[in-house]
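Input: structures, listed below.
Across the two complexes that follow, subunit A remains constant while its partner is subunit B and subsequently subunit C.
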Partner chain A sequence: MEMLGIRKLEITQQQAWDALNDPQVLKACIPGCDKFEPIGENQYSVGLAFKVGPVSAKFSGKVTLSDVQAPLRYTLTFEGQGGVAGFAKGLSNVELKPAADGAEGCEIHYSVQAQVGGKIAQIGQRLIDGAAKSTADDFFKRFEAQMQRR
Partner chain B sequence: MSATSFSQLPHIGEALRRKEDYRFLTGAGQYTDDVTLAHQAHAVFLRSPHAHALIKSIDLAAASKMPGVVGIFTGKDIDGKMGGLPCGWLINNPDGSPMKEPPHPILAIGKVRHVGDHVAIVVAETVEQARNAAEAIVVDYETLPALVSVADAAKKRGGVVIHEQAPDNQCYKWTIGDKAAVDAAFASAAHVTSIDLINNRLIPNAIEPRAAIASYNRASDEYTLYVANQNPHVERLLMTAFVLNLPEHKVRVIAPDVGGGFGSKIFLYAEDVALTWASKQLNRNIKWTADRAESFLSDAHGRDHVSHAQMAMDANGKFLALRVHSDVNLGAYLSTFSTAVPTILYATLLAGQYATPQIHVEVDAWFTNTTPVDAYRGAGRPEATYLLERLVSRCAWELNIGQDEIRKRNFINSFPYQTPVALQYDTGDFHACMDKARVLADVDGFAQRRAESQAQGKLRGIGYSSYIEACGIAPSNVAGALGARAGLFECGQVRVHPTGSVTVFTGSHSHGQGHETTFAQVVAARLGIPVENVDVVHGDTGRVPFGMGTYGSRSISVGGAAIMKALDKIEIKAKKIAAHLMETSDADVEFVNGEFIVKGTDKKIPFAQIALTAYVPHNYPLDKLEPGLEETAFYDPTNFTFPGGTYICEVEIDRQTGEVRIDRFTAVDDFGTLINPLIVEGQVLGGLVQGLGQALMENCVYDDQTGQLLTGSFMDYAMPRAADFPMFTLDTVCTPCTHNPLGTKGCGEAGAIGSPPALINAVLDALGPLGVKDFDMPASPHRVWEAMQRQS
Partner chain C sequence: MYAFTYQRPATLADAVKLVASGARPLAGGQTLLASMKLRLSAPEQLADLSGVAELSGIRKSGNTLTIGAMSRHREVAGNADVKAAFPALAWLADHIGDRQVRAMGTIGGSVANNDPAACYPSAVLASGATIITTQREIAADDFFQGLFATALNEGELITAISFPIPKRAAYEKLRQKASNFPLVGVFVAQFDEGVRVAVTGAGNGVFRHAGLEQALSQHFTPESAASVKIHADDLNSDLHASVAYRANLIGVLTQRAVAKALG
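Now for the complex of A and B:
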């Protein structure tokens, strides 16, 4: 599964960077996430419930940030086990840029490459792209709501 | 009794309705999952989500404390305590060295080799509890790169090592035929036609998923295994002798009603063994029923060949020599008969219906990180027929002669015929099938219909397939010399009860074939009694003498022949009783339509009276003859049977959408003597639809890199439905088999063998004017549309 996207954010690049590095914000914004705890430098233990078509599972796994260049970019690597539902692993490159048209705010550019296995791949393969996209949409909806609250 | 006199008996050839349908249609069938034993626990198998990975550790701590858990076993628990699953057929390399036979453990030991590989068995009081516990098992995998497609396996020859015993992932190379003679024929050929094709991988999808219940009796130290299986004696033999090292007489295997097999229930599977073993460890009856997702991952798949073939011809389109190379996918482990399918059951059929003087076939068999591949309806013969019939139609198009004409020019005309690839065809009439099919398909009206389609902006094509298959696999000694590790006979036991009704015990197994009717018809016809008075018992090692089960369209020709041999013995003994009662000599007694008659007189005794006398032997030659009327026979065939036929398919293709509509399909088969034409028709229809399912829509797809099964449910794996087909036109030709007592040839697989090339040839005939020459199954709208776009 591969996904590319650009989002316009109505906050400064520094605000966006801080939020993207705040486990509390990430926990609140990632749909189904009930755990996003630091376990080391740039490493987090993560728990989240994820549903693809008929398969829903609770994943527990690890997120690692690398190639961190504040406030420009990082690479987020994730790996999660969902029991008999299977596994998911992959990485996401996240990059922040000033808004293209010179307007206020900033832009987030992201790409995701993910691989799933087990039942979630067997049954949900054709539904994964849709599920990933709606998860991303949902994430940014919550992210914007969080930012507005600040 | 001779095959000729058998075919003339009353009720032979009568389209009786199936006796078993009453219970099936009223929900009274008794399938494995319908069986419930006292104190029954339930098993769930934890399966690998990875195609290829090392198992670093398995943590059962949380799982074993879950509610209801009775026991959990992993590879560690069985390592050294039992053997692995055996392979039933040894194939040797051209240099005489044996194939690579890596272990196939019952539960993965240290490594998983395909998605769905069994890692642990979890036994709990309920299925839900077992599922929850399975979910709580923590397996630490270290994933390894996966080798997925057979083309990659052949190309890479290593890199990824699936089994250390086969570092290049090759199981064997196998050849048949005279290579030098073929090369010489090619050198002098006027024309050579070449083809590259893929026989797409399939998932069997029986309606009833695999299921089993294992029971251990501490008092008698006996095991009982109920299992959805096509050959319970073979299951028991393989499991006791090769895996669990148990005395065979302490294990009873019962295969009750089985909802479809198509080959996938021939094999001994790890689940059956694990349940049987665990039932003693835990002293519990344990049931397991696969869910549909498990069936997709763990039932042995079918086909999956990549082939290149060439036909050398003279200037008149006469075949001089055929050269074939196939790379075949065996999957991650050797399933029970996986090695025989792409060799003995495939290459020996490549002569087809043609008098091609020289044939050379080379097969390379590969391990990949996919579900094991084994026999699936037709098993090797569909692969041979698809390759040959595609090639033959292409020869016709290249030489600009008709698809029918090139076949007729090359048909074998006299029998017996020795092919250059080991088989000897006993009989057939290929021209008769072709001629009848051409008439029924109204081939003469095709040009007109094509013009009409064209006027509507549609493409129309006609495709031929003249198949032959080898059924009733045998004889045992020949198969043994070719590597079979089992016998290939069948048993039949006829028990005449005192009042003249009969119970027949057969080693064949019916899982949709209608044996309870056909076999009863055979017995009723022979003994001159009503069909209702005959019951057929099968599928229970505790009741039936050792038999080999049902596969390869063998049941009537081998199993039916065994029953005929037992009936011969019954008749001989009954005649002696009759002779005694009528005070004449045995030789003067004739048995006609259920009555024993003294030749040339009106003295006669009905069969029922003989039966009663046998069990109430008051007036009886006790000094010369034992009481009772029950006989057993084992029959080992002297040759294969060779059903054959011609199928003609006509399709119409929508240029806008690529949708292929089968406009008409004509099948003319030669199955020899027909016992029940209604059942034969049902078998042919089922086979046709299964074959056309492969040609039209079915396709098993793995992710090439990760080895994840992409078509893992019915959302992504298309199955054919009634609305996808027209009414089929079916007919038969009869040249009775010359070497069995019924003259039958077998009809179970023909449809699936003959139909795929007929459809694809029709598609290519339709697309030919656009310049499309190559096309691989399935002919789904998207793929057909793409093929049209590539050319225009």
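Now for the complex of A and C:
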């Protein structure tokens, strides 16, 4: 599964960078996430309950940040086990840029490449793209709400 | 095998109570039971709705067809009123999945689940039907909210779906051969006020197509549908079909549906 996107954010690039490096913000914005704890430099232990339609599975795994260039970009690598449901792993490149038209705010450019395996992949193939898109939409909805609260 | 509690309430009031206390409602089980067998879903308590008399029955009154939520696809397909008043809906029900799915699957279950490739949501949305629940009535335009998401609250059950009967209508789909889900399905319904077109299987959930609706409201012909450019933005791609292929199918299936509706 591959996904690309650009979002306009109504906050400064530094604010966006700080938020994207704050485990509390990430935990609140990742749908179903109930754990996002540092376990080392740029490493986090993550737990999330994934639910789409009839399928619900608890994933636990690890997130690693690499190629970190504040306040411009990082690469986020993730891998998780969802018990009988299967596994997921992949990486996401996240880049922050000033707003294109010189307006206030900034832009976030992201790409995600993910692989899923196990039962979720066998039966859910036709749903994976849609679920990924919904999850990304949900993430940014929550992210914007979090930022407005600040 | 893992243990769970199975209950079969006889009244809607009991069913609502059970669901409020945490039971998962079980309609025809064509998605839920399969998910449970694969251990992708493990509810501790199931409330089987098949014994609730208030959820069954198909009635025609005036220009409205009201179908109880627990009506099986086979019942809708074979019902004399549906066949006479809304043959496109009977045809759709008669072509969902396979024989086993049609014997067990229900209209309420399909609509509540809102699988992005399910057949029924396209008919409900294209007809501008009303979803009647234990709490309120919801217009189809407000009900479907993308991938497996609906306007239903926790504990809210669909009791029936009420369809205004269109002047002309038809459903066309291309099956994905292994799963029998439509790769794309298009439901076209013509009313005095205009034409509504709903597409399933192509996006993140059933959606109406404004361009096709506008063109077909002016001229209800396959040529009119063919003149509409279908944008591929926001459509799904997977190993069965690319975005461009799905976009093309929307156009082709709409033309076929219009030709079929015109008889």
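Definition applied: the second predicted complex is superposed on the first by the 147 of 150 C-alpha atoms of A that agree within 3 Å, B and C clash if a C-alpha of one lies under 4 Å from a C-alpha of the other, contacts with A are read in each partner's own complex, and residues count from 1 in each chain.
By definition in this document, a contact is a pair of C-beta atoms (placed from the backbone, for glycine too) under 8 Å apart; a residue touches a chain by one contact, two chains touch by 3 or more.
Values in this document were obtained by computation on a predicted structure and should not be read as measured data.
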On the A-aligned overlay, A:133 touches which partner chain: subunit B = first, subunit C = second, or both, or neither? second
What is the contact status of A:52 with respect to subunit B (first) and subunit C (second): first, second, both, or neither? second
In the overlaid three-chain picture, which partner chain does A:125 touch, first (subunit B) or second (subunit C), both, or neither? both
I'd like to know which partner A:84 touches here: subunit B for first, subunit C for second, both or neither. both
Determine, under the contact definition given at the top, whether A:116 touches first (subunit B), second (subunit C), both, or neither. first
More subunit A residues touched by subunit B or by subunit C? C
Across the two complexes, what residues of subunit A are contacted by subunit B and by subunit C? 84, 119, 123, 125-126
Report the residues of subunit A in contact with subunit C in the complex, numbered from low to high. 52-57, 84-85, 119-120, 123, 125-131, 133-134
Would you mind writing out the residues of subunit B in touch with subunit A in their complex? 46-47, 49-51, 115, 131, 134-136, 138, 293, 296-297, 703, 706, 708-710, 712-713, 715-716
Note which residues of subunit A are touching subunit B in the complex, please. 81, 83-84, 86-87, 115-119, 121-123, 125-126
Footprint of subunit A on subunit C - complex, ascending: 31-32, 34-35, 38-42, 113-117, 146-149, 176, 179, 181, 203-205, 236-240
